[in-house]
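Supplied in structure tokens, the structure appears directly below.
Chains: A, B, C and D, in written order; residue numbering restarts at 1 for each.
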Amino acid sequence: QAGQAYFDKIIADDSRIEPADWMPEGYRKTLTRQISQHAHSEIIGMQPEANFITRAPSLKRKAILMAKVQDEAGHGLYLYSAAETLGTPREELFDQLLTGKAKYSSIFNYPALTWADMGAIGWLVDGAAIVNQVPLCRASYGPYGRAMVRVCKEESFHQRQGFEILLELANGTEAQKQMAQDAINRFYAPALMMFGPNDDESPNSQQSMRWNIKRFSNDELRQRFVGMIQEQVKVLGLTLPDDQIRFNEETGKWEYGELDWNEFYEVLKGRGPCNAQRMERRREAHENGAWVREAASAYAAKQSQKAQVA
Amino acid sequence: SEDVAEYALRLGDDALILAQRLSWWISRAPEIEEDIALGNVALDLLGHARSFLTYAGSAWGKSEDDLAYWRQESEFRSCFLVEQPNGDFGKTIARQLVFSIYQHELYSRLVDSADETLAAIAAKSLKEVDYHRDHAIQWTLRLGDGTEESHRRMQEGLNSVWPYVHELFVDDELIERLPGVAVRPSELRAPFDALLAQVLGEATLEVPDVQPAMTGNRGTRHSEHLGYLLAEMQVVAREHPGATW
Amino acid sequence: QAGQAYFDKIIADDSRIEPADWMPEGYRKTLTRQISQHAHSEIIGMQPEANFITRAPSLKRKAILMAKVQDEAGHGLYLYSAAETLGTPREELFDQLLTGKAKYSSIFNYPALTWADMGAIGWLVDGAAIVNQVPLCRASYGPYGRAMVRVCKEESFHQRQGFEILLELANGTEAQKQMAQDAINRFYAPALMMFGPNDDESPNSQQSMRWNIKRFSNDELRQRFVGMIQEQVKVLGLTLPDDQIRFNEETGKWEYGELDWNEFYEVLKGRGPCNAQRMERRREAHENGAWVREAASAYAAKQSQKAQVA
Amino acid sequence: SEDVAEYALRLGDDALILAQRLSWWISRAPEIEEDIALGNVALDLLGHARSFLTYAGSAWGKSEDDLAYWRQESEFRSCFLVEQPNGDFGKTIARQLVFSIYQHELYSRLVDSADETLAAIAAKSLKEVDYHRDHAIQWTLRLGDGTEESHRRMQEGLNSVWPYVHELFVDDELIERLPGVAVRPSELRAPFDALLAQVLGEATLEVPDVQPAMTGNRGTRHSEHLGYLLAEMQVVAREHPGATW
């Protein structure tokens, strides 16, 4: 096939596939799943932070947080658009989320319990997202790579804001400092698990790497992340809840204590603290908004009819 | 002066309380585009609030956060309208329609205030309010002239906020003491009514036939809703007296 | 007519009319209106106090307040039952409330803004209600008089609890004391207006007095109330917001400053601070509960059908 | 002892938080009789809470109000179930059904506790819980076997609270340290399941096929809902430190 040959050449040249190009069904399916999962994660990921918008303890922080959660909605929109270029309409993708057929990042199934969580989410969760996503800016599928460029730029801004929240707390009162440490303790392991299972448990990674979607293995990215936050936490004067983190001079890699993968799989299967709550909220918003969306369509139809008559 | 600060406080409190109300919609809107749009409006209003409160606070040696987080309910100067609960999307849009038309008329005149700071804040904010007003009008048209259900809900939303419209246009002693500085609320009523009637007409909706409520008149009395809103808004800050964020 | 003669004799003997007795249409209508208004007032009157149940500052006060608001629901029930004995079913009376055809006491159109209002409402509003209602225990219509006996007993309990709230505040911190004084300042005049317009503005009172429904004029009751609270406020160490209150030795009556009857009529016409809110809340509760009431009827119908078949 | 106090705190906090939730219904119930009925349940639970918290506080020199109003979110020991929002009447009844069956099994055993105070509180409260359970069962039957809409809503309510049922029956170290004093939650599961299945069967409802949530296990972690509830519950008391009421 000419299509396959062209596709193979683009991949071999590390160049870009565009929506009109022929592509293998598996490639299309893998990307649709990955991009839409990422979009869903942005949308569900609004909830834990929205939980502190009305309670942010200063007006400046309230403004920054509102803008951040709004950015996540924006990321959701670009990513749904990128996924749509692969042929599945947003309504269908959204429906997969609402019916539980599609997944989103498990990290958002943990509750945001204190203001410090706004810091930990920014620093650790957005931080892990960036480490994951920077290589995706070079993903072989054009619209995805370009969406990632835009997303990463904003995420790194968010990460800095999260770090600043923690820094302020770490230099604050004893209660603030404790709040910051507690938030780090709770978000550390879930953030590390954002990179996915250990490499030997992650069979699909190989194919994604051959297609130039994924560039590094889960464990490589995780190690890079641990190294990064291990340095940064010193600036905060706080600690990571793992006393086995060290740089192995021989392998040139960061090492860390074993993660509780059992918990990871529990949350993945829907048994996290907030899985049910997150889905219920999203479904509720969708259902409560149905009459509004219907009104907008009805109005648009009337307007276009009027325009035709005139 | 004290009077100018008090006036700035009114402007700031209205914006702050409405921003707080609107921000609830972020992650709950009827479509993602609206999470963003309502978030933008809330963020703009929060910006206005910060400018006005900072200015008001400068008269008393207080910061925007001192005023937002450490005043009691009776020290707020917000009007009943912005304190009203969100209700459904129709009620939220009704409140937005009324408030943004009012605020647009207000800021359009405040740009000529003899007080340069107030004039500058108004000038900067007016462009944003122009967008808010347009957003509310567009949705009023869609909901009013959309489906039967949306028409009903939008009309109910208007009826529900209507008792609190009157208060926006009441002159009082503070206004009398600030000629050239403050905008006279009563002057805004005619242009408000004119634009509103036009929008509602186009949207196939009716100007509500609902009595005005005897409101707090910018005094120390508020609707019963404000206490709950402040309890939530201030809770984290108040758990940590003296902390910075 | 024999009915009219019997009725007149009962009234002349200051004895009691019972539901099965003949009565003039005007008597029936007047009583139905008065009793149902009273019932509506109990139901709407739950709202200002319910507003502080979730925020009561001690668990003991929370329990007392919950029990009080519950009692008001109970009073509403007895009074609807009493009104029903005159031939109008509760649904119809309730409908008159929801559509705005029936009135309720204007006092409940003022907001409850602070915890001290729970005290002022108990002391002044329930206090005024008792002064109004004690003579109604002897009302010529039997079911009404008996309902009033029960209501008055509980109301005087509520009034004492309100007074205790204020007493505690009056002996508390400076902020508590101020809160108590402010609440009294706000509720004083509306409480005085609970007795209705001045006698010369109250044309229907005469007929009600001839029927032995009403026993004292509005102004007589109001004067009695002012005298009562003027004594009690001294115990609190607080003041009433009227410096013209004095006992006139010549007339043997209490005198007080003029009331703002303009405000009274404004509120009566629907323009109080909370008229719209109170009605909206009641209608919302009623509408949100429709499916529950329908389910209960459907279930009851199924059960009685099953019972018949068996 | 400290352990007994900690155990009493759990019992008290569950009752307190649920009372707080239920009390919202007073003035908002589907019919006046239910304003009274739900108010009664709330009042009873508040009574249990006061007894348990007073007992817990006696170990630390704290009053019931110290514990209710001056603890932070992370110091509460309530379970996720009672923290869940009321939702509609169906969800409230679903939460009542689950909680009252659980609490009835619990108190029925607690009356035999080696700790006399706990036993006495349980004995006094059990009669009340008997009524709560009956109230919830009657409504479950009416809603489940009422109309199509009520059936759907009641089932949705059950599904919505189901993730938080598991936590009620988890044993932990505190329970292990209090043999003869505390009731083992895991022992309550079988009778709970049996009665629930019977009621749901009669109500033509299904036992939810919904995953359990990984909850706080009576630790310092709560659902995201608790913070809002406490902000409201504690706001007046905290504005007046040191005051009595």
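Definition applied: contacts are C-beta pairs under 8 Å (C-beta built on N, C-alpha and C of every residue); 3 or more make two chains touch, one makes a residue touch a chain.
None of these values were measured; they are calculated from a predicted model.
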Exercise for the section: By the contact definition above, name the pair with the higher C-beta contact count: C-D or A-D. Expected result: C-D
Problem - Geometric centre distance via CA averages, subunit C-subunit B, whole Å - result: 36
Handout entry: Centroid spacing, where centroids are CA-atom means, of subunit B and subunit D in whole angstrom
Key = 40
Problem - Set of subunit A residues in contact with two or more other chains - result: 55
Fill in the blank from the handout: Expected list for subunit B, residues touching two or more other chains, is 227, 231-232, 235, 239
Practice task
Check the chains against each other and report every pair that touches.
Solution key: A-B, A-D, B-C, B-D, C-D
Fill in the blank from the handout: In the complex, subunit A touches subunit D at residues 48, 51, 55, 111-114, 186, 263, 266-267, 269-277, 280
Handout entry: subunit A partner contacts - residues on subunit B that touch it in the complex
Key = 16, 20, 23-24, 26-36, 39-40, 42-43, 46-47, 49-50, 53, 64-65, 68-69, 88-89, 141-143, 145-147, 149-150, 153, 232-233, 235-237, 239-240, 242-245
Fill in the blank from the handout: Seen from subunit B, its contact residues with subunit C in the complex are 73-74, 80, 160, 163, 210-216, 221-224, 227, 231
Problem - subunit D partner contacts - residues on subunit B that touch it in the complex - result: 72, 227-228, 231-232, 235, 238-239
Completion exercise
The answer for subunit A against subunit B in the complex is residues 43, 46-47, 50, 52-63, 66-67, 69-70, 73-74, 76-77, 115, 165, 168-169, 172-173, 175-176, 281, 284-285, 288-300, 302
